[in-house]
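Next, two complexes with subunit A in common: one pairs it with subunit B, the other with subunit C.
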Partner chain A sequence: MKNRQALSSSKKAQIKFGETIAIVVVFIVLVFFGLIFFGSTQKEGIQEQLREKVQLDAVSVVKEVSNMPELHCSIAQVEELNCIDITKFASFKRLFESDIYGNQANMSYIHYFGDSKIYYTQVYPAGEPGEVDDEGNPVEHVLWDNHIDENTESSDEMQVPVVLHNPVTDRRAFGILFVKVYSRSIE
Partner chain B sequence: MKRSQAEIMGLAIIVLLISVGFIFYVAFTVTKTPSRVAEVYKYDQMGENMVNALLEITVPDCEDYSIEQLISDCAMQERIRCPASSCDELRDVIETIFEGTLNHWYVSYYFTIKKDDNDIMTPINAGDYNEERSCDPENDETERPGWLPVSVFPYGDVIVRLDICRK
Partner chain C sequence: MKRGAIQSMFAWILMIIIGSVFILFFVAFISNQRAASDARIGSSLINHVDTVLTTTKVAPNAFADIEIPKAKFEFVCEEDLSLYQLYGKGINKETPFDVIFSPDILEGRHLLAFTRDWHVPFKVMNFLYVTNDAVAYYFFDDLDNAGMIEDMYGYVHDNVTKEIINVGQQPVNNNYDKIRIIYYQEYAGEEYPLIMFPEGEIRELKDRQVTAVVIRQVQEMTDAHLYGQVLFYEKEGNTWQEKGSSSYFTTPMLLGAIFSENKEMYECNVRKAFKALQMQAWMQYDRIARIQSQYDDEGNFCGALLDPCLFMDDEDYGAENDFDVPDCIGNSYHDFADEGPTTDTVAGLYEHYRFVIAMNTDLLRGNCAVIY
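Entry: the complex of A and B
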């Protein structure tokens, strides 16, 4: 009789123990899946923040370039809005390519332009010599192209309509200023 | 037996609560709209930048008269001959520019040049090139318009306006 009672108590204890283990296992499985899901949504959130930062950087570079006295047209020292002096642009570009001052210029302006590509194309007059390539595509006049890491991808290109002023001929063409910012993607 | 049932019920409630919490979290995350900072900035400034740049450019085929000068002439006596009239040359140049920019970017727009609320040039609508991009500034949602007055003193003012529709 006593042995039977002891056996029954032991079985009950085992069942109880099994129940507890089952609850713990279920809980751990739920937490495990929860962590996986939470991790993936956090990754999405971080990627979205990175995309937003790249976009903000692109807007920042556009505003920077649009307001640079190194590129602005000016008449009697009065700067004009939305206007690029193409002779200044060419000089500025040569500065980055210079053997003597190139390194210093790159180090100075990287704080403004960062990892980006800045260039313009002429829209009107269309087809002028030097403004289209052999296939009829607009020529890109590149000021800055700092795509140093092949593992980066670019943001959407920002486009700003600008006047391209040639102070020698005093002609004003219509062009588009492009800014593309590169960023590293999270995989 | 009743105690076991109560325990199982408790477990089921916990699982239910966690599932409901999951669903709310997923719903919140999925419905969050992605950031459109660059796009908003681009379209907000587009009208103004286009009009500002457009008025300043010179037309080589028309003795390097500026667009602003052609607009003034078109609104007044139409004396400039390129050999086309200033109004015709104006429309050609503007259409060429829009072809290489706004049409190329699939932007929905409506461009007008008016003097005293009368069109001096037939309005240019993106819908003329692609029906889906037709823009009606009075009925569609629009971005900030670009507009500039051109003085034709003493005949009044001409308003150059570019509306960008959100489509």
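Entry: the complex of A and C
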């Protein structure tokens, strides 16, 4: 009789202990799901912030490029707004490729342009030699293209209408300056 | 002891262990979140300041009054380290190529930033000057400065705390964190008169709060607006102690000396400006040599008006080209920028400045492509 009572009380204790373990397990599972939910909310927030940052960076690069003395047209010692001197553009581009200053220039301007692509196309007069490719698309005159890797998101391409001025021939054309900023996506 | 009692005790111990693990976990989690939140706030403050400074610095003669929660900003410019940061928080923004003249520490609820563009005479970049309303700039006008003091006073943005101190007046201390006094000395040969420390309540301030910059004309007939020497002084008791001298080229750079904490920070930023000038010199050489070649091929007289050698010599250019490389003799913008801000280099820059102005005027008259 005593043995049976002891056995029954041991079983009760085991059941109680099992219940305690079960509660702890359920609690851990709930905390775990809570953390996953919290993490995913945080991730969405970070992704949203990242998207905003990419857009802000794009605006910032557009402002930088539009105001660079390296590209500005000068008419009678006055800087013309939204105008690219195509001879300055060509020299600026060659600076990045030069043996002596290429590295220094890349290190300096990456600070301003970051991971982006900056180029212009001529839109009027359209179809001039050298301004369209074999398929009839406008040629992209690329100043800067720093694409970190394939798994990157890019901002919407920002477009700024510009005047393209050749000071040697004093010829003007209309073009569009494109700026696209890249950033790594969060998996 | 009974088995039931042992089991009950075991259950309690288990609960205590698990409870402690949970408490530790949540404490770590909360403290982590708190640190992350602090970092996020600091980072968003730095980003906010960066966005405004970036927007301001691209436009010439721009001004921004940046409202911030009470914070302490530190500006650093050393040979291999250039940044601004939230003091003691480790959150910073690197500025290896931006020229930012400022005191080393700014504390308060505002940052004041304005720009001036640096021409030599073609535009190189915009200089950014950062200060706040707790720093006062006093310009000592002793009536013998050819208008230099009034001009420099006018060149500082009106929202900055500034005042002209006339003969007989003394600077006042309205609980400013820092006071910078600006003097001018015209050319005096070998012996320049001593700068006397002002009388009055400014003497009660701590030494590190009061500094001075002396603008010095280097030769009798030179225009101190264009180039000259700057001397940096710090208060030691009731006297001025000289802490080194440097040179400037044109008023935006002189204004840089006025806004810099000391000679080291000033020269660090000037070196950044000179590096930018070297790259501009390369681009000017490349562009002008190509345009000249094009004009020469067409038999256009404009080619004869252009001189790429002012900007750089053929050896420093070192790029593949399809034009006749000019044979350059003598110093260029590139060489002067290489040597840093000395009296000789700024005088050399001034000579080139005049040549380029003359060349550009001729190009304008001839209806040719201009340099700037």
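Quick notes on this structure:
Operating definition for what follows: the second predicted complex is superposed on the first by the 154 of 187 C-alpha atoms of A that agree within 3 Å, B and C clash if a C-alpha of one lies under 4 Å from a C-alpha of the other, contacts with A are read in each partner's own complex, and residues count from 1 in each chain.
Operating definition for what follows: contacts are C-beta pairs under 8 Å (C-beta built on N, C-alpha and C of every residue); 3 or more make two chains touch, one makes a residue touch a chain.
Quick caveat: nothing in here was measured; it's all calculated off a predicted structure.
When both complexes are overlaid on chain A, the residue A:86 reaches neither subunit B nor subunit C.
In the superposition on chain A, A:67 contacts subunit C only, with no contact to subunit B.
Judged by the touch definition given at the top, the superposed model places A:48 against subunit B, while subunit C stays out of reach.
Shared-chain residue A:24: touches subunit C; no touch with subunit B. Look at A:118: by the touch rule set out above, it reaches neither subunit B nor subunit C. Look at A:143: by the touch rule set out above, it reaches neither subunit B nor subunit C. Of the two partner chains placed by superposition, subunit B and subunit C are both touched by A:56. By the touch criterion stated above, A:167 is placed in contact with subunit C alone, subunit B being left untouched. By the touch criterion stated above, A:37 is placed in contact with subunit B alone, subunit C being left untouched. Touching of subunit A by both subunit B and subunit C, each in its own complex, is seen for residues 56, 170.
On the side of subunit C, the complex with subunit A involves touching residues 3-4, 7, 10-11, 14-15, 18, 22, 51, 54-55, 58-59, 94, 96-98, 122-125, 275-276, 278-280, 282-284, 286-287, 290-291, 294-295, 316-319, 360, 364, 367, 369-372. By the touch criterion stated above, subunit A contacts subunit C in their complex at residues 6, 9-10, 13, 16-17, 20, 24, 31, 56, 60, 63-64, 66-67, 69-70, 72, 74, 76-77, 79, 87-88, 90-92, 94-95, 97-101, 104-105, 108, 111-112, 167-168, 170.
Contact residues on subunit A toward subunit B in their complex (touch as defined above): 19, 23, 26, 30, 34, 37, 41, 44-45, 48, 51-52, 55-56, 58-59, 62, 80-83, 123-126, 138, 155-156, 158-163, 170-174, 176.
Touching subunit A in their complex are the following residues of subunit B: 4, 7, 11, 15, 18, 22, 25-26, 29, 34-39, 41-42, 45-46, 49-50, 52-54, 56-58, 60-61, 64, 66, 93, 96-97, 100-101, 105.
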